[in-house]
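In this document, chain identifiers A, B and C correspond to the written order of the chains, with residue numbering beginning at 1 in each.
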Amino acid sequence: MSIVLARIDSRLVHGQVLEAWVPYVNADCIVVANNKVAGESFQRMVMQAAVPSSIKLIIGTLEETASILISTDLLRKRVLLLFANSDDALKARQLGVEYPKLNLGNMHSSAGKDRYTCTIALDHQDIEVLQQVEDQGVTIVSQCVPADREQNWHKLIRVGGR
Amino acid sequence: MKIMHRPKLNWLTFLRMYLRSFLLQSSWNFEKLQNLGFYFMILPGLRDIYGEEVPEDVRERHIDYFNTHPYFATLVAGTTLRLEAGSRVGEEPSVDAETYKSMVMAPFAAMGDALFWGGVRPLAALIGLLIASQGSLWAPVVFLLIFNLPHLFFRGSGLMLGYVQELHAIETVQKCRFPDLAIRLKESTTILIGVLCAYLSFKGCEHQELPAVWGFVILPIVLLFAWLAHKGVSSLFLVVLTTSSLLLLALLF
Amino acid sequence: MVAVDYLLAGMISVLTGLDRVALVQIMISRPLVAGPLTGWALGNPLVGLEIGMLLELLWLGRLPVGAAIPPDDTQVAVGATVLAAGTGHFVGLDGMPLVLLSVLIAIPLGKFGQVFDKLARQVNDRLAVSGYNALMSGHTAKMERCHLLGLVSFGLASLATALVIVLVGTFVLFTFAPVLIGAIQEAGLSLQYSLILVGAAVLLGTTNVNRGISLFCTAFIGTLLVLWLR
């Protein structure tokens, strides 16, 4: 199994992922690791409707997806792994999911978060959590779509949010 | 406040919402994306359901963050209004209007992107280009027709489908297998790209008074450029590269 | 009536620009349509069509998705057509070389479009806040006005992009045309075909379907064989 892209994207399965990233990294399997979505049958149905039948879609809780990712089930798949937020990315890592690089896609703004790029809003806790992920040897970059320039997240933090 | 009969929307309301859907993205913003647009679109429907004074909580939930493919927005609007109408008579669906919106917007956006931006539009553009290569001004007309017949139909039928079938509309959407249809359209597009490239190569050889077999030289070059584009090299760079090498050749020989 | 022509071209710049995101989206914003429309305003739709063909495929694969802002190929087409069908005549150039030069000058200037577009969306951020406040305090009509005001910022952004392309473009055209004219005339038709081929290659590279390359190659070889042996 190889995780060809691990990404934090609060919108999970949407256009940027399916139209831009899936072809770019040549993924044939999408794993959505999110406890909330895993329990919502309606939302799972909607997501399934959005993914072409040639791509395998797995939606599960963090524990479920971690055990699938660690097992040999997806040995020959090129996996695109999606998290909704920074906490999930850290928890998956702690559950033993090895991804060398973490892409920050969309982390949309809510009260108390500062916006660092057009699509990324973080609060102190996010930054702390991401720092912990990085301390485990993960390179963290921000890149909305493949056509954008890849940027190390420290550059964003240094510039500061608004 | 509960009432006895589920409020119904009249046909004029549907027409007004259909027309308003064309203004969905007029105030597109980074903060909440299409939020004002969505409220603007469903306002006639909300007035049919709640009367002139739309309650505060309803206003609050429909002016929040919203972002989906503009052509799928009418489908969301249809279901949303049906759920709102149902809530007035105390119906309790498995998913309420607010949750419904938050769940469908991203996947619908993906479907719309694949189907319209990735599928229908390039195919229509390729057909338009093949006509344009004959120097015909019908090219833009044909392009607009091929693209907009499905587009305009989709917006209208989405609104009705969402309203009539409520949450079950998703089952109809799933049955349509739009992502697979999008792939078929993309495959057709790549075939037409091949036809266009071969035609241009042939015309190029004719112009240079070379035998047409030289046209095959173009094939690996196009593939190389396609690979570069796939790797994220910008169109601007490729244009500059092509132009400067051709100008250099022209100056040298 | 030259002034009326340019006024009409300005209106087309705004309308096609709005069609990109803000209004209707029936794809009159595609270069293949925006080019001929602008050309028609200036009395030469065929020049616009040629420009539209050169530009149509280059950014077709860049999706107007979410917050990602693709290069403004609409105003590049409008601007290049104004250069080729309008101001360009004064440099003593004509026909395909002028079309090519206009397009080549307009393409890099299209970068300004992204800047203005972003600006418009930031202005809309403020509109969204006042629209929200208006609605929550019960002023529905004011909220609707705020929403529609977004059209103004998007429209102005488009017009500004077209103006920059035309003004800077005219200056560049006058400066570089004498230097480049010989080479452009020489390369002429090959350059025209090559630029469309670049666009086709970019679209091929960004439209990823599993069997894409083999479908493309088969279609290419088949078509060329038919044309060759016919």
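Just so we're on the same page, a contact is a pair of C-beta atoms (placed from the backbone, for glycine too) under 8 Å apart; a residue touches a chain by one contact, two chains touch by 3 or more.
For clarity, every value in this text was computed on a predicted model and none was experimentally measured.
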item: Chain of greatest Cα-centre distance to chain A; value: C
item: By mean Cα position, the chain sitting nearest the middle; value: B
item: Comparison of A-C and A-B by number of C-beta pairs in contact, larger one; value: A-B
item: Whole-Å gap between the CA centroids of chain B and chain C; value: 19
item: Whole-Å gap between the CA centroids of chain A and chain C; value: 34
item: Rounded Å distance between chain A and chain B, as computed from the means of their C-alpha atoms; value: 25
item: Interface hub residues of chain B, defined as touching at least two other chains; value: 30-31, 67, 109, 113, 117-118, 183, 230
item: Per-residue overlap in chain C, given as positions that touch at least 2 other chains; value: 63, 65-67, 206, 208
item: Multi-partner residues of chain A (each touching 2 or more other chains); value: 11, 14-15, 19, 23-24, 54, 118, 147
item: Touch list for chain A against partner chain C, complex; value: 11, 14-16, 19-20, 22-24, 26, 54, 106, 118-119, 144-145, 147-148
item: Interface residues, chain A side, partner chain B - complex; value: 11-15, 17-19, 23-24, 40, 42-43, 45-54, 108-109, 118, 146-147
item: Contact footprint of chain C on chain B as seen in their complex; value: 22-23, 25-33, 35-37, 39-40, 43, 53-54, 56, 59-60, 63, 67, 70-71, 109, 113, 117-118, 121-122, 124-125, 128-129, 132-133, 135, 137, 139-140, 143-144, 147-148, 151-152, 183, 186-187, 189-204, 207-208, 212-213, 215-216, 218-219, 221-230, 235-236, 238-239, 242-243, 246-247, 249-251
item: Of chain B, residues touching chain A in the complex; value: 30-31, 65, 67, 69, 94-95, 100, 103-114, 117-118, 167, 170-171, 173-174, 177-180, 182-183, 230, 232, 234
item: Complex contact set, residues of chain C against chain A; value: 62-63, 65-68, 118, 206, 208, 210
